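Both complexes shown next keep chain A, but they swap its partner, so chain B is in the first and chain C is in the second.
What follows is the complex of A and B.
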């Protein structure tokens, strides 16, 4: 198993560094460029949400990323923050294929995360904060 | 990320973007579009040929600017999308919303002739 970690300030300026970190790790495990791009986008959307909503303008904390390549090749990414709790059930689904002119605020990032990854799980507790875990399975 | 503007035939402005369009860089892109709209320029082409990544925040800015340009009697067309960026537009149904062209000149030619 390969495991790599990165801690960055929860500010938008960290997004390019996060994309580089994810790209390096996924390429080290021989994921192809299309798959790497999809994982980078899902992580970018997830971290952007943390920066904008969990931390917000009140003052950013840190984001801890852990990227694991499991023995069978699956990619498991955990994103941890100590910001406001996030409840995905309150985020409206974007009207894909319908009236995009009235696209509500939010929801598009979460849509991409679910579309691009095989598994997306949110957890929150008072002590540990938010932990988002996303899995991309290795295609045989 | 860099943004540059070029006038095209038919009173159209081409906004060419280079680099990553993520939550860190989108505000500068949004400002450039909003400035043009405030100046009364509503016939816009956004050239994404040198954009290697666009996040949902970039998509939202394009959608908003398109709505604003149309409400002012113009439109906002896109051109030169790279395959991966095009795939992202496809995923959210944006390819059926935006006029998408191979090159900026094709996009400019798709605008109706301005009234004389």
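What follows is the complex of A and C.
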């Protein structure tokens, strides 16, 4: 198993560094460019949500990322923050395919994460904060 | 991210390159809204050089499209990179945006 960790300030300026970290780890496990890109995108959406909603613009706090390549090749990414609790059940499904007038301008991030990854799980507790775990399974 | 704007006779051509993520999307959106507010609401967005676009970029494109349409204009996409095509499809927006593989055709469509 390969395990790599990164801690960054919870600010939008960290997003390019996060993408690089995820890319390096996934490529080290021989994932192809499309797979790497999809994982980078899911993580970018997840971390953007933390920066925008859990911490707020310019708010204090760090994001801890842990990226594991398991022995069978699955990629497991954990994203931890100490911001406001996040409850995914209150986020409405975006109306994919709706006409322009009824199209909301936001709300796509969580939808993208679920489409791009095989498993997306949120946990919150008072002591440990938010932990998001996402899994991308190795295609056979 | 790099943005450049060229005002032509009837159309403003906005060329975007690099990463459009939550860090850069506000500038992207601001540039488009500034054009629309100055009555340049017929916009071609050239996206061949966009390496990455997140939902924040999509949000900027949708809000600009709404603003342009309400001013009688449109935002049309030209030469989107494979990554842009992918995210536009994922967001279910292929029938919302007019998409052209050829820049001249996109400019001439207005």
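In the analysis below, the second predicted complex is superposed on the first by the 135 of 140 C-alpha atoms of A that agree within 3 Å, B and C clash if a C-alpha of one lies under 4 Å from a C-alpha of the other, contacts with A are read in each partner's own complex, and residues count from 1 in each chain.
To be clear about the criterion, a residue touches a chain if its C-beta (ideal position, glycine included) is under 8 Å from a C-beta of that chain, and two chains touch if they have at least 3 such contacts.
These figures come from a predicted structure and were not determined experimentally.
**Q** Clash or fit: what happens to chain B and chain C when chain A is overlaid?
**A** They clash.
**Q** Check whether A:112 is in contact with chain B, with chain C, with both or with neither, and answer first, second, both or neither.
**A** both
**Q** Touching A:70, do we find chain B (first), chain C (second), both, or neither?
**A** The answer is neither, since A:70 touches no partner chain.
**Q** If we overlay the two complexes on their shared chain A, which of chain B and chain C does A:48 touch? Say first, second, both or neither.
**A** both
**Q** So, A:133: does it touch chain B (first), chain C (second), both, or neither?
**A** Once the two structures are laid over each other on A, A:133 reaches no partner at all.
**Q** Based on the superposed arrangement, let me know which partner A:78 touches: chain B (first), chain C (second), both, or neither?
**A** In the superposition, A:78 touches no partner, neither chain B nor chain C.
**Q** Starting from the residues of chain A touching chain B, keep only those that also touch chain C in the other complex, and list them.
**A** The answer is residues 12-13, 15-16, 19, 37, 40-41, 44-45, 48, 51-52, 94, 96-97, 100-101, 103, 108-109, 112, 115 of chain A.
**Q** Applying the document's contact rule, which stretches of chain C touch chain A when the two form their complex?
**A** 19, 21-23, 52, 54-56, 58-59, 62-63, 65-66, 69, 83, 87, 90-92, 95-96
**Q** Which residues of chain A touch chain C once you look at their complex with the stated criterion?
**A** So the residues of chain A in touch with chain C come to 12-13, 15-16, 19, 37, 40-41, 44-45, 48, 51-52, 94, 96-101, 103, 105-106, 108-109, 112, 115-116.
**Q** For a test of understanding, state which residues of chain A touch chain B in their complex under the given definition.
**A** 12-13, 15-16, 19, 34, 37, 40-41, 44-45, 48, 51-52, 94, 96-97, 100-101, 103, 108-109, 111-112, 115
**Q** In their shared complex, at which residues does chain B touch chain A?
**A** 20, 22-24, 53, 55-57, 59-60, 63, 67, 84, 88, 91-94, 97
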